[in-house]
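A, B, C, D and E are the chain letters, set down in written order, and residue numbers restart from 1 in every chain.
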Amino acid sequence: MYHPGDIIEAIAANLRATRNPFGIPHFIVNRWWREAGLTAHGDAMLFTGMMYQFVPYIETSTTYLAKYEDTPLAAYLRYARYAPGYLSGLGLAAITPAREKRRFDRILQDIVRLLKASEVDFYYRPELDRYSGILLYDLGDQEGFVRHARWLANRLQKAGIKKLITVDPHTTYALKELFPKYTGVRFEVHPYFELLRLGGGNGRRTTVALHDPCFYGRYLGLSDVPARALADLGIDCAPVDRSGAYTHCCGGPAESISPRLAGEVGQRRLDQLAQTGAPIVAMCPICLGNLRKLGAEVRDLSSVMAENL
Amino acid sequence: MDDHHHDRNFDALVIGGGIAGLQAALDLGDQGFTVAVIERDASVGGKMIRLSKVFPTLDCASCITTPKMAAAAHHDRITLFTYCDLKSLQRQNGRVHAKVVQRPRYVNADKCIGCRQCEYACPVMVPDPEQGGFSATKAIAIPFSNAIPQVAVLDPRHCMLCGRCERACPTGAVDYFQQPQPFSLTAGTAVVTTGFEMTAIADKPQYGFGKVPNLIDALQMERLLAPHGPYNRVLRPSDGKAPDSIAYIQCAGSRDKSMGLPYCSRVCCMYAIKQAMLLSGALPLADITIYYMDIRAFGKGYEQFFQNAQAMGINFVKAKVAAVEAGPDGAVRLHYEAQDGEGVTTADHDLAVLSLGLVPAWDPSGICPLTTGADRFIHTPRPKLGPVQTGLAGIFVAGAAAGPKDIVDTIAEAGNAAMAAGQYLTAMSPSAASRAAVA
Amino acid sequence: MTQANEKPDAPAAKIGVYICHCGGNISDHMDVEAVRRRAENLPGVTVARTNMFMCSDPGQEQIAEDLKNGTVNRVVVASCAPSLHEATFRGAIRRAGANPYIYEHANIREQVSWVHHGEAATEKAAVLVAAATAKAGRLKPLTPIRVPATRHATVIGAGVAGLSAARDLAARGIAVTLVEKSDALGGQLAALDRIAPTGDRAADLVNELAAAVLGHPGITVLTRTEVIATDGYIGNFKLTLRRRPPEGASTADARYVPFQGVRPPEPSDAPSGELTVETGAIILATGFRSYQPRPGEYGFGEFSPVITLPALVRKMAERPAKGRLLQIDGRPIRSVAMIHCVGSRQIPGIHPEDESGHLNEYCSRVCCTATLDAADRIRRNHPGTRVYELYRDIRTYGRGQEELYEQAARDGVVFLRFEADNAPQVTTAAPGEGFALKVKVADTLTFGETLEVPADLVVLATGMEPNDVSDLVEMMKLPVGMDRFLLEVHPKLRPVEMPVGGIFVAGTCQAPFDVTEACNTAGAAAVKAAALLADGQVELDPFVAEVDVDRCRGTGACVDACLNPGALALVEMEVGGRTVQRAQVTPALCLGCGACVAVCPENAIDVCGMTLGQYEAMVDAILET
Amino acid sequence: MTTASRPKGDKILVLATESCAYPGADSVGQAHSSYPANVYILRVKAPALFPERFYLDCFDKGIGGIIVMSCGEECPYEGAYHALAKRLDRVYQEMKARDIDIRRLRLTAICTVCNRAFLNEVNQMNAVVSELSD
Amino acid sequence: MTLLSPDFAEELKRYSDDTALACFNCGTCTAICPLIDGHFPRKMIRYVQIGAKERILENAPELWKCLHCGLCTQTCPREANPGELILGLKRLVISHWRKA
């Protein structure tokens, strides 16, 4: 286990300096939209919050973190903020494989396809789509989180944004619950699957094991909605031991503090999902990343739906 | 017995024919008042007649309930209306008016002589709810061996209308076309003794009830332990193995705001200890563990009973079980925090019993203007000096209808309700009281 | 042979035997007609019939007709278990204008057709019918015993249970004498302040009950009064009372004295000295006393800041004041430690016995809630005062009590849990530590760590002990349990009854109860007394012992064997011009057990309706059939 | 005298208390559990009624075995059970004196639902009676 | 030997909902926590109840094992919100570290 103080300070410093927890320049992280054919005007703005885009970088960094966890080298982490290397910034960007980045960009492109197929009136403005700061909140750096959230809320407010379409549970929770509470700014927030109207699908009936992320299943009480969206496409959800409000954590959030712990918790969840025998589907980039790292074939909700259109 | 040709005016109505209702009816009848008991089930006796033995004396529940059931059934001044739904209970012009519908038994109660020929003839086996679903009964049957009245009931959900019971019946009592029978009763006062049901444990999905094969509830264990039980011995449902280790999970549906049940159900500690003692008699080599938060052995002789259980070797572990799942080989796996320093622990048992809590069996809304408390039991505005008074003059309450209660406390409260109802009748109509006095 | 002892019946028995097919339940397993034929030939049998359902109206009608037209004067029905239909057939006989006790039942379903089959069943049924017939021939008409009862009840003890029972009985039109040892009404309830969890004021409750009792013309209230002698039996007791003269000035109006209760008015003609009361029923409501800790128990008597819960309640009520810190005896209290289960839940080998060798092994039931209530009140009224509760199990079992437990926790009461064999230790704090005392406890909630609780005050949650009523126990022959509380006949079948007929228990003389439960038991006891005295007489089963004075020699063996003292006695009577001693039965007291029958050397005593001769005749019939 | 009084029959008499053992025997019937048909059950309020000679007379007359089924310690008549137990001790002495096998008399407690205990008792007594009549 | 100092609960109020005292130490949070680790999180909550601040600071890094998954809060029988308390303790500890 790494000393949490070190991780928190590294992330907080990055966020202060670059508005990005890993210190990677925004234009490098957020490239997925370029071939997506998006307009800049419409009813609601698509807001990715950068979580999907970050996953490849997180996985690269945690591979290194896992290597040194519980070794004397772990203590050197506290100098990370002075020595970017594999933990932050351009270095991290450089050593993260392009194939991985493309994979996660594809998910966002699939979400766009789904929204278009549902005739949702939406637009995208890449310069406004920024990280929500949720990781600092989870780690307990309340000051850091509030400072960042205010910056972002102001920026969106100034741009006249009122309605947001989100793609991951962490960003959704931050915008829906935390922003009003800590910044006083309230947006109308919809996770994308709430807006889907996809009709009968392609006629194939399949069953999947849908992993409810904690934020959707428990904090936001939204686990029924994606299941309904799947059902519209003829996809059934196998009963998973622990789901909905009682869903089991994927272990992902522990990645930065203890990759070993993230693995243990994730493995237990994987076993529960595997018991169904159905292909595993996640709808949160953290869950997706952590469960995949444990060797499981896990697909994103949007990919499964896009394929069945 | 159900008598359809009686006077529909009574001194008192008793709503519910469990042990509280029977005791209240007997105490009213013995004072000289006429009483109508309205019971939802096909037999009086309530939950108590379904139990095995009762704490802290360990005498059999039947031995205590049956005489009270028979005494009420044979009482000159008590009329039992079974298989009846109460549709409305209102006060008008100083009297209590009840609208009741008797559900069809598809058996003429006046003709049925309880000979069971229909039951023997019926080809349809259905799970017997009176035996915790562990064994089967027939689609037409006497509800249970010591039911009162001894009248068969046909279950239309399972009946195939094959006609064998009708042909077997020596008195021509089977009537496939019987209709619900609405009727009205009036009385000077009413005593509500509608009792309890067990907690709906589905509200606690982490206990896996229904998914874990050898996880049963305490009422099912009562049947396994009962002398007239489904197997005549204790075994676990999945494979018929005699369990070597048995766990009790306390507060399964009590003291748990995550289920919306913040209150203590008052009886579960004692019934679990009782069952544990009976089990250690039936299975002398089995390990029995009770997982608890606080042992609430508060009544007369209860603490000594608890101490005896400890002396008998029953294990008590202070922990609330957090989750239950199926383990290997039919085991039930419990997760809990061992607070003695061990920390998070899992324990496998051959059989586990959920000590379910108590919830009210009756909701007066839409039937009677009685109010209920936050716990949904009948509200008693003067719990100290008038524990049996409700918000409505002339309507009294006793037993678990006014909050979880054990049998001893229920019987005392039923007596008090009969006293209060008798006083009310005396005050309202001295003639009723004097009639009672000369009866 | 012993039958010779039976006096011949006049007129001769004409026995009707009625055998039930029970719709095949009986007839499918035996030859009912064969049983009937054999019955027909039994001595004394005038008619033997069968019916598909004897319990049906036509079946009962047949019996009634045979009785009315004189064909029969004794009835035997062979059918199901007597528990099901004995009462039915006795009722049919009564409706036909005959004495219901000329009836005998043969159980040929539960004890024959459902357990044996074929010839064996037929044979056994025939034998049981013969046995029943043999008994029936020796049955005599009996009359239920009716004893006049005084429509008056005496309630002993004027705490909440006694007051409540007296009020209830008077409201049902029964005259009541309420006897109280002290000079005030209210008992231990008056020693309380507010009652948890509802917050009712004890004073209001005492005043309400006292007003109801004092205002009812049917209730005679006798304070400063004790029962010094009892006599009589159910419905007809005679109590001798002794009333002390008032100490100090007597009052003209009822007056509430805090922590003592309501002093009733003392009219000039109030009785004093010895008086007698004739009463039909007695309700014992003699209550409890609070456990007094042993010297040194948790520092009690050793350190002055160690007090009992009742003392705390009183001190807080006498100087009610809000403020940052609780003040007790003029001292600001920054921290209170409350220790549960003092004098309750004692365990042999862990807790020492008292000087008379007793341990209070029971739970006192009310102390958890009372302690929590006091703790929560301190936290709410004195936010600067810290409160710690040291407990074994929190027993907030009743309605609203678990909610109080949670409320106290949310209000900042800190809970520590100890094991019975590792009790907290109260010691003085070192001079520099700032607090008067400290309490060391191995806290199981903190993984067994030993914690030190600083305390300016230690409160002991003392339990209940029954009041000493050994005089009444002796006089009335009352059973007492291991816990020294009065012992009811059966906790569920007859929970408020003493084995002596007509004596009932209410409230905390039976077990620890809270106010609600005490009221419930009081109502339950009152309803039993009201039912008993409802019509001015008590009806008892006629199955009681009867002495044949011609045979009795006055040996007294029966009196010695009698299980219910008073039911049998030797009395002097004139026989043939000489005064001799003979046994006499008091039917109201006789249990009908027959213990006397077995020991009489002269066969001079028997139980009506089930005589030894009848049993012997049945045995003969079993052997001869 | 002793040989003449030795029981020869195989009929078993059960003295069953009306509050416990008699309803217990009924409950065996309700369960349709079979037992030997030579068992005859008499309903009694309390077996304390029967003097020593009643038992001895029964054996003399030809009863093969007697089971006294009481309520045991839960007897509604306080003290009756102990009086009964003492009396049966004296009956046993007499039986020995008359060369009657004491296994022919049993005292047992049976409650209203003691089906198995009831069956055990009557089957055991039946075994004793048939063994002794061989 | 641990001396009790319940004033710590007051200090924590600045960082979190004040629900630690609502906890009745049933251990559900610990047993349900996906970490399956010792007495976490009840241990921390118990330390808050008795005011053992030093113990919390000594063991502070453990707090970051919490994944903020919320299962403890969902299942807590007393609605004591253990998840939120742990988050509050993280905030308190960070503030301590930053002051140091």
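As a convention for this text, contacts are C-beta pairs under 8 Å (C-beta built on N, C-alpha and C of every residue); 3 or more make two chains touch, one makes a residue touch a chain.
The model shown is predicted, which means the values in this text are computed figures rather than measured ones.
**Student:** To get from subunit D to subunit E along touching chains, fewest steps?
**Tutor:** 2
**Student:** List every chain that touches both subunit B and subunit E.
**Tutor:** Touching subunit B and subunit E alike, sorted by label: A, C.
**Student:** So which one's got more C-beta contacts, A-E or B-C?
**Tutor:** Output for the comparison: B-C.
**Student:** In terms of Cα-based centroids, which chain occupies the most central position?
**Tutor:** B
**Student:** Which chain maximises the distance between its CA centroid and that of subunit E?
**Tutor:** Result for the farthest chain: D.
**Student:** Please flag the chain sitting at the greatest distance from subunit B, going by CA centroids.
**Tutor:** Farthest chain from subunit B, going by C-alpha centroids: A.
**Student:** Starting from the mean Cα coordinates of subunit A and subunit B, work out the distance between those two points in Å.
**Tutor:** Centre separation, subunit A to subunit B: 52 Å.
**Student:** Express in whole angstrom the distance between the two chain centres, defined as the mean CA positions of subunit A and subunit C.
**Tutor:** Chain centres of subunit A and subunit C, defined by C-alpha means, are spaced 70 Å apart.
**Student:** Using mean CA coordinates as chain centres, what's the gap between subunit C and subunit D in Å?
**Tutor:** 32
**Student:** Based only on mean CA positions, could you tell me how far subunit A sits from subunit D in angstrom?
**Tutor:** Centres of subunit A and subunit D (C-alpha means) sit 82 Å apart.
**Student:** Return the residues of subunit B touching two or more other chains; collapse runs of consecutive numbers into ranges.
**Tutor:** Residues 59, 206, 255, 339 of subunit B each touch two or more of the other chains.
**Student:** Enumerate the residues of subunit E that touch no fewer than two other chains.
**Tutor:** Within subunit E, the residues that touch at least two other chains are 24-25, 36, 39, 74-75, 78.
**Student:** If a residue has to touch 2 or more other chains to count, which residues of subunit A qualify?
**Tutor:** 246
**Student:** Of all possible chain pairs, which ones touch?
**Tutor:** A-B, A-E, B-C, B-D, B-E, C-D, C-E
**Student:** Across the complex, what residues on subunit C touch subunit D?
**Tutor:** So the residues of subunit C touching subunit D come out as 2, 81-83, 107, 109-111, 114-117, 120-121, 123-124, 127-128, 131, 499, 543, 561, 563, 591-595, 597-599, 607, 610, 612, 615-616, 618-620, 622-623.
**Student:** Show which residues of subunit D lie in contact with subunit C when the two form their complex.
**Tutor:** So the residues of subunit D in touch with subunit C come to 9, 11, 13, 23, 25-26, 28-30, 32-35, 37-38, 40-46, 48-52, 54, 57-58, 61-63, 77-80, 83, 87.
**Student:** Which of the residues in subunit A end up touching subunit B in this complex?
**Tutor:** Contact set of subunit A toward subunit B: 241-242, 246.
**Student:** List the residues on subunit A that touch subunit E in their complex, please.
**Tutor:** Counting only subunit A, the residues touching subunit E are 1, 3-5, 7-8, 138-142, 214, 218-219, 245-249, 251-254, 257-258, 261, 264-265, 268-269.
**Student:** In the complex formed with subunit A, which residues of subunit E make contact?
**Tutor:** For this pair, the touching residues of subunit E are 15, 34-36, 60-61, 63-65, 67-71, 74-75, 87, 89-91, 93-94, 97.
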